[in-house]
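Following this line, the structures themselves.
Here come two complexes built around subunit A, the first alongside subunit B, the second alongside subunit C.
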Partner chain A sequence: MTTSTDRSAEPGSAAGAEASLLGFLASRTKKDWDADTDLFASGGLSSLFAMELVVYLEETFDIEIAGADLRLDNFRTVTRMVSLVRRLAGSGSA
Partner chain B sequence: MPETQAAQTLAVIGAGVMGCGIAALALGSGVRVALLDIDEGKLGQADTKVKRHLKTAQLMSALPAGTVPGELVTTTSASGAADADLVIEAVTELAAVKAAALAAISPVVRPGTPIVSNTSSIPIDELTEAVARPEDFLGTHFMNPPYLIQTVEVIRGRRTGDEALRRLHALLGRLGRTAVTVGDGPGFVTSRVLHPMINDAVRVVEEGTAIPEVVDALFVDCLGHRTGPLRTADLIGLDNLADSLHVLYERTGDAGCAPRPLLLEKIRAGDLGRKSGRGFYDYGGPRS
Partner chain C sequence: MPDQLTDLVRFAGDLVGGRAGDWDAAGEIPRESITAAAAAGVLCAQVPTEYGGLGLTSTGNGRLTAHVGSLCSSLRSLMTSQGMAAWSIQRLGSRGQRRAYLPRLTGGELAAVAFSEASAGSDLSLIDTEIVADGDSVVLSGRKVWTTGAWYADLLVVFGQYAGGAAAVVVPTATPGVTVDRVPDPLGCRAAGHATVTFDSVRLPAGAVLGGAGQSVELLVTTALTYGRLSVAWGCVGILRGCLHVVTAHAKVREQFGKPLARHQLVARHIAGLAVDEHTAAAAAEHASRCWDERSPDMVVAAVRAKYLASTQAARGAGTAVQVLASAGARDGDFAARAYRDAKLMEIIEGSTEICQLILAEHALTTSA
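Entry: the complex of A and B
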């Protein structure tokens, strides 16, 4: 379940975005993940879950992920997602 | 003989899970889509749903690169299908509801325009009386989500003409799908075999033999299936699965097709699978 803490996550803070994402993953998959684990590698998550990650990131950090950014590789690890969020949130407020 | 030209404009009847998914597949392949539904509320959400499907398809690299998406038009009027080159009806999996939708659309479209009922189990010949020109009528069984599954089960009814079949194959080719054509009958091939099997997977959970995760792990890890039966049930939608099982049970009398009590209990609780956020698995949806 998404908590109010998730909603107030600071996109400007990499640590805040990382904690938010790890919390979301833990609540949805009932297991803990490392920030650099490949989520879609063998034994990991279904690739369909990537779309849930897109929706979560867009709603939580008020960003839009479109065009060339919509690549599975951008969602493969928490670290990569944090980079994407920071880049999109940064360009959105510029 | 000249090649049959693929449809330029597709009308999709029904803005539910399958209707929106099929619309997204066509739009992503550059085909114009008229999406019809009698429910204005559902139609209002369709644009957002279709866009989300298109994003998923792009994320999975399931769309042809560099294709300009087709135009989406939504309407509550049957006349919205008048200029379609092919119509796919994808309303609720109930024979009477499908027959009513087909009867409303059939007089509007030009003769020679294939009218396709997308169904997981209702025999095409049963619905033929609803359309004005049986030779233009046939069936598909798209799997969910349509843009991620390469092959489409195509059902040829007893009165389906060759040209309708050719035109449907041409459209599916343009959408990058492979058509596999089968004869008519309750559940055709895939649902007739798969749905009673999923029902039995529900039974073993009900009887306490194994939890859903264990049932699915055996199918994936021992039998090499890509997805286990209960996760597949969640993807189909538990209500759609039960509707299909009812169709099979009523028409075959096969007791293995009578929907299991646990399946019906979940539906009553509003746990319909992935689309409601909860089914045999939790997808983060609201607890009902």
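Entry: the complex of A and C
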């Protein structure tokens, strides 16, 4: 399955999570993204893709994204997703 | 699991017991039959065992869904509704909400999911049902249309605007202010209990709001619909199987011009088309369920693809079945006639054929170089 190579990603490491996410985006969309690019701005990705990101993040970083966290804003940029992952993975000690 | 699935398939077959045509004609499935299916966990068979569910995989539940779909699309529609309600609670709810609601859905209570409104069908960003916080309760106001299964339901999962975003709220139909009006004479799935549901300042505990916060309406709806699309896809595989069964049985024995229909080449072409449609629809549904079971991000688009493929092919296949059976398939309530009406509705619900095409095109555009 597609996420198997990403399991080594360290949720506690922002750089690791960012690299993993950028890699996922590049492999899915066949183009490179910046960590701060708005993924859903015009010409960007669909809300269906946002759902793919939810599934990817949960599976790759062993987190559960629910309730108030299911806001599009949390998935708008790679940087925001990294923050979300770090918060949900309880990586405050990292 | 294969043994468990065999038992469940037998259970479902016994439950329907050749009565699908009668249920269709009456526009109603006897409540004791639906309750028996719900109490056996069959209507939402993927609910984990820790919540009293059967804990089937998506693939296992899909095969069960296809079997029920090959017998009765009304009962299968109730599986889609109850399964979507359970999945929404499991996915969007807190641990406490899962513990509170899921055992009810596996224990015999019936549930439905309310999305559509008079002015918000495909474009669910337009929903104007409102959930308004008021102290330790919320007040729900609005009207939902064509809610499958609502006529039978004890609980409704209702999507509305909430706290600057959207949310799903669990509403017992017995709550004061809830009115359920049956949709008279639906085209298909006539016994699936479609209803208009009106919420007139319905007061509920704040704890009934799944996740307890405003969320993205697109993400909420895509979450619930991904389950629903996969369920519909499997149900359509069942319709195609049922059509293939009645068509081949008829074409082998019915003789015209001195030979069985099956030996007439134009009829043989119909049979080949139906067989290929059944096979490819099943392959698409199996693939999507595998993605679901592996937690692959591909599951989202795979569910849309399977639903699109299986529902369009079921509509075509049911048309073929009526054509080959001719007068033998034209009596309302018989399998081919039911399939013809039921399959057409499957091209409309959980994302119409055209909406699926837009999603699939968009996805192709973003994922191709």
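Just so it is clear, the second predicted complex is superposed on the first by the 86 of 94 C-alpha atoms of A that agree within 3 Å, B and C clash if a C-alpha of one lies under 4 Å from a C-alpha of the other, contacts with A are read in each partner's own complex, and residues count from 1 in each chain.
Definition applied: a contact is a pair of C-beta atoms (placed from the backbone, for glycine too) under 8 Å apart; a residue touches a chain by one contact, two chains touch by 3 or more.
Everything numeric in this text was worked out from a predicted model, so none of it was measured.
With both complexes brought onto subunit A, simultaneous placement of subunit B and subunit C is prevented by a clash. When the two complexes are overlaid on their common chain A, residue A:18 makes contact with neither subunit B nor subunit C. Applying the stated contact rule after C-alpha superposition, one finds that A:28 touches each of subunit B and subunit C.
Of the two partner chains placed by superposition, subunit B and subunit C are both touched by A:55. When the shared chain is aligned, subunit B and subunit C each come close enough to touch A:47. Set against each other, subunit B and subunit C touch different numbers of residues in subunit A, with C touching more. Shared-chain residue A:70: touches subunit B and subunit C both.
Superposing the two complexes on chain A places one region of subunit C into the space of subunit B, and among 24-32, 132-140 or 258-266 that region is 24-32.
Comparing which residues of subunit A touch subunit B with which touch subunit C, the overlap comprises 1-2, 28, 30, 46-48, 50-52, 54-55, 66, 70-72. On subunit C, the positions that touch subunit A within their shared complex are 91-94, 165, 210-216, 218-220, 222-223, 226, 294-301, 304, 359, 362-363, 366-369. Touching subunit A in their complex are the following residues of subunit B: 52, 55-56, 58-61, 148, 227, 282-284.
Every residue of subunit A that touches subunit B in the complex is listed here, in rising order: 1-2, 27-28, 30, 46-48, 50-52, 54-55, 65-66, 70-72, 75. The touching residues of subunit A, counted against subunit C in their complex, run 1-3, 24, 28-31, 45-56, 58-59, 66-68, 70-72.
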